[in-house]
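Structures follow.
Both complexes below contain subunit A, partnered by subunit B and then by subunit C.
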Partner chain A sequence: MAAVQAASRLRQPKAPLKMRLVPYLFLLPNMAIFGLFTVWPAINGFNISMYSSSNGRTFRWEGAGNYQRILTDEDFWGIVRNTVVYALSFVLLSVVLGVMLAVLVDQQRRGRTFFRSVFFVPVLISPVVAGLVWNWMLERQNGLINTFLGSFGIPEVPWLVDNALAMVVVIGVGTWMQVGFYMLILLAGLQSIDPSVYEAAKIDGASRWRQFISLTFPLLQPSILVVVVLATIHGFQAFDFIYTLTGGGPVGATTLIVQYIYENGFVSPIRYGVASAGSVLLFCAIFALTIVNWMIGRKREAA
Partner chain B sequence: MAKKIRTTARLLAALTAVAMLGACAPGQVEGQGSGAAPSAVKSVDPAEFAGKTLNYVYFTDGPDAQATAQLISKFEEKYKVKVNLETLPYKDLVTSVHARLSGGNAPDVVRLTGLTDFRDDLLDLRGYLGEDYAKAFLPGPVVGATGKDGKMLAVPSDLTLNGPFVNLDMFKKAGVSLPDPEKPWTWEQMIDAATKVQKATGSQYAFAMDKSGHRLSTVLNQYGTALVANGKSALDAEKAKKALTPLIDMMSDNRMPRDFWLGSGSRYSGANEIFLAQDAPVYLSGNWQVGQFAKNAKFEWAAAPNPCADNCGGFPGGKYMAALQQSKNPALAAEFIRFMNRTENQETFIKAGGFLPTRKDLTEKGVAYPARQADMNVFLKDLARTPDLGYAANSDPAFVGSATELVNAVSDVVGGKKDLSTAVSDLQKKTQSLVEELH
Partner chain C sequence: MSHSTITKSPPEIGPSKAWTSTGRRKVTSTDALRVVILVTSALLALIPIVWLVLGSFKTPAELSKRPPTLLPESWGLSNYTEAMTRFNFPSYLTNSVIVTLAATLLTLAINSMAAYALAKYNFRGKNGLFLLTLATIMIPLQVILLPVYQVVASLGMVNTLWGLIIPAAATPTGVFILRQYMLSIPDELIEAARVDGAGEFRIFFRIVLPMCRPALAVVAILSIMWRWNDFLWPLVVAQSEAVYTLPVALARFTAEETVPFNLIIAMSVVTVLPVIILFLFFQRQIVTGIANTGIK
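Here is the complex of A and B:
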């Protein structure tokens, strides 16, 4: 059979060169923009990571010096720990809450669009503004939340000045900002599940929980994989709202890797090489985790 | 198998391409020279400037913007030129000017708070303004404008000085006396007075201070030490501990706002709102607050002389006007800087902005400010008491980075991450490393 197919392929006349070029020409504008604004800066960033520069114009060769400097910096490993704690918690909460919200919204007969919009609104808010507003609400004295808690006799909670609480706040605000987006992805996944499988399960006497565990969850896995990959990327790249919410404090307890990169690249003394090396390390970490996620997902799909 | 070999070959090719790109410098390699040195211009006929355009990159502290625009109009009229005033947010200024230098679109003149980020890009103004031009200015600010081999890389256009403010209403209510302008408080006396006022008035805090390494350097300077000076790490551990202990003690019992210090992470934070809300009777900031307080304070207040320890006086800051080597009109840029810093023009500018003068003649003559003269006189008097160490520290290329580390060190102690001795010892190491990196 294979031999017959190969022979028929050989007999097919080759399309003229012009025709073979057509798909590439259609792709060219997009690829040119992608190459110019994504691939080239990424390669150049890797290149800059091997030099030191304080002005972006004159460079001194460092080789692996910037990487060595980062990897031997005690503060950096604390920042890595914070980033891992944040990213893991963010991914976990995003998936769990995203699935819960998607299932709840999907079950609504009335007002589904309204609830979908309500949970999606935080995604539309500028992260900088979200950070500032939460900062104001979480201030120990005169903050909206502590004032509210105070009316029940609860003493002031140091949300932003206690190391552990500040991390909890940052994870909570980060999840609040993004979970609506993940909910939409999961909702689309839920709605693509054939309703007849639920009907069959009901006839078989499966409870709602059994239906969720044995049908919804396994059939939703491709969407969950997408959410896990996107949340991992978002989690490792979190910066803007944290900078306005806690500034990375108290005492660096919520400083994540992108803030480390930002402060080396844009706060005096400027170190473009160190910032680029940090970016390369972050890229490698996200790339490796995405590949792992993808491989696990493929294995599950195959099983 | 063949597919695997093809994939591996492609991966290796991509890696080789990236590695080869890595071998190409992304820009000019240091040591290859940054273009021709500017040729010295002995004299230029002002008539030659007519019709030319000058780009001035500026950031504003607020009230100075209008005075700058007025002075620019006068300059345009006198020389028949056009000046494009480009006002940028302060935090974007350095990266924006760097980007413009990279793109070959450099402004002609730029207003800076320090030369560290542009030292190699600035025009030596001696060729245009003369070797003796700097003598018209106070020696302290000139230190910050001077480059290697005595190059005059900028002109100090205004001066600021850190110092405390007091809430007169609260002091009066508490019956606590103010310091004699001729005989300032010691640090102990100031804290004692602030604490008494806090207790008597029930204010939330006794003392507030901006979260800034520059403001903390005031205290170091008063206790006879500095982070860096003259190209060396200059921090004396014992003096630093003595200087920082009162602040840390006050934050530990919340006489000074602990949340304010810890809650903003690595960001600068001004405590002016705490003072304006009458939550603290004493606030350490600087003379640039005078205009703001005159407008917004709903109580009687005054500037107080800086407290003394080993030294008296405050810690200096200020701004510079510099021309860039890439300027297409260097002679016009130098003339613009000279014009803006003439006695009468600097006087107009500093009066509007509430700054202190950098010119010797203005300092000797005195400046009649439109309001709050007595408070500005307090700063002017403190200027005379300020030791040279402060100017040397503030102008050092490693100062800004070291000041950030100083804030981090205090935060580490206040947040309970380190004890003071360890924090100061780590700060010394970081400062030393910054000096080695930036000199």
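Here is the complex of A and C:
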């Protein structure tokens, strides 16, 4: 009797079962796809990095063997070096050029929207096409750029043939494709700065450069942090435009980690274990760097 | 320079008004330098696209000329018509359109339902699910490429359009944008509809969804832009030519050098133009969507 009463008292404030199910029904389709194609693979990724396979169907247990293999592989370290060089230069260039363009666009009265849109156009373009067009323009013998430089008497530049130059090109095109996106975030940050903070500086006769260093830059830091975090993630993921720009060449000089994962996982000869160990290492790198970025950002804000 | 300048302020008399926002400003050397940098950067941003479009009208003979010519000799569309007839180009185009539209519709449907549950209901596990969704923004497809492929393969979805559409449909960013927007819908509105006897799903479809149009537009546009240009996942799943999307076809043909370059250029223009046109029409939504969320 008492138990029944207790039970009914417990149940009383709750809505009927049908009502309580409603939110779960709303969530079901999204969470089913999300769980099956994102959460489960993310967990399973660690698991399959312990196995090896040369065809993607039959697997052999390796334990830490894949990691041992990949960490002692000289090719892999070359790819890590390429990826780090690319990502660091890309983040640095993106932030510097992004801030520069955002400040210039913000100060421009006539045609501000026009410039903002124009800088955003490369972001919209299919990366495959971007790589293809730049490859075409950078052709050594008859490319648009060498022809243009040639009219000033500059000899043919081996853009995509020289290892170091090819990396410079990849960094440049990567930045060309993305900087308009970062500029947009920074521009929104600039426009949220209260204009009255500049009035005092103007009355004091501070130069524009002085205003930028002591007012704009500190106030823009939250937006810069967002850009640094996003650019770091984008930098480590770069793949699609490189595929048509250099194909990772010459002789692997511009092969980055995602291409390494793709080729080991899907292009024969397939080395599944190495590819999945590489994925896990990439995840760890992105995760660690995002945390570090946020911590540096928060420390700066506190100081 | 605003309208008020023209109507209110007299022609510039002295330098005293130079710093006010309403006065006619003197063109200083900094202004000139700024415009020069902006125009140069704008040219750098646009030249590759202009060069591509110009190239799409050139014949193979023109394309191999030394030095390259700037303008095409004629503005004929032969590259486009030839690409349409000589290759399975219409099929890649159709695949791209189907994948982009179906994926976007699916994303809108399931993301908005999930966002509604997370914004307007209290239930066990709500915070946990929301945090899980947010956390996976950090896990890009590149990192889980192989395990996702295994799931898709075991479901028999390799080389199907479903395999391209479904896996990435449950975007965490879409859920996030829509949830934030739905939080601003007053609870009283939903309560009132309940009192009137409307069912939960009816309330969602008839009252909540129509109010979310701006947020739905942002999610839809971002999804279309991303799906249309997406490359790595289609490259992995669309292994047979029948399911190639435009970017996959372009990349494969460029690598194999099996298709004449003038046709590659025409295909590239068709790949690029729809997104640029979309941007011109929905600029405001795209810009505010990105500025507010930092998501592409």
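The definition used in the following text is that the second predicted complex is superposed on the first by the 263 of 303 C-alpha atoms of A that agree within 3 Å, B and C clash if a C-alpha of one lies under 4 Å from a C-alpha of the other, contacts with A are read in each partner's own complex, and residues count from 1 in each chain.
Please note the rule applied: a residue touches a chain if its C-beta (ideal position, glycine included) is under 8 Å from a C-beta of that chain, and two chains touch if they have at least 3 such contacts.
Note that the coordinates shown come from a computational prediction; the quantities given were computed from them, not determined experimentally.
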item	value
Partner chain(s) touched by A:44 [first = subunit B, second = subunit C, both, neither]	both
Which of subunit B and subunit C A:268 touches, first, second, both or neither	first
Contacts of A:128 with subunit B and subunit C, given as first, second, both or neither	second
First (subunit B), second (subunit C), both or neither touched by A:161	first
Partner contacting more residues of subunit A (subunit B vs subunit C)	C
Which of subunit B and subunit C A:248 touches, first, second, both or neither	first
Touched partner set for A:23, first subunit B, second subunit C, both or neither	second
Touched partner set for A:58, first subunit B, second subunit C, both or neither	first
Touching both subunit C and subunit B, counted on subunit A across the two superposed complexes	44, 48, 56, 141, 243, 247, 266
Contact set on subunit A toward subunit C in their complex	19-20, 22-24, 26-27, 29-31, 33-34, 36-42, 44-45, 48, 56, 100-101, 104-105, 107-110, 113, 115-130, 132-134, 136-137, 141-144, 147, 150, 176, 180-181, 184-185, 187-188, 202, 208, 226, 230, 233, 237, 239-240, 243-244, 247, 258, 261-262, 265-266, 272, 275-276, 279, 282-283, 286-287, 290
Touch list for subunit B against partner subunit A, complex	18, 21-22, 24-31, 34, 94-95, 98-99, 101-102, 116-118, 120-121, 204, 258-259, 262-267, 397-398, 400-401, 404, 408, 411-412, 414-417, 434, 437-438
Complex interface listing, subunit C residues touching subunit A	1, 19, 30, 34-35, 37-38, 41-42, 44-46, 48-49, 51-52, 55, 64, 66-68, 109-111, 113-114, 116-118, 121, 123, 126, 129, 132-133, 136, 138-140, 142-153, 166-170, 172, 175, 200, 204, 225, 228-229, 231-232, 235-236, 246-247, 250-251, 254-255, 261, 264, 268, 271-272, 275-276, 279-280, 283, 287, 290-292, 294, 296
Subunit A - residues contacting subunit B, complex	43-44, 46-48, 50-51, 53-61, 139-141, 158, 160-161, 163, 243, 246-252, 254-255, 259, 263, 266-270
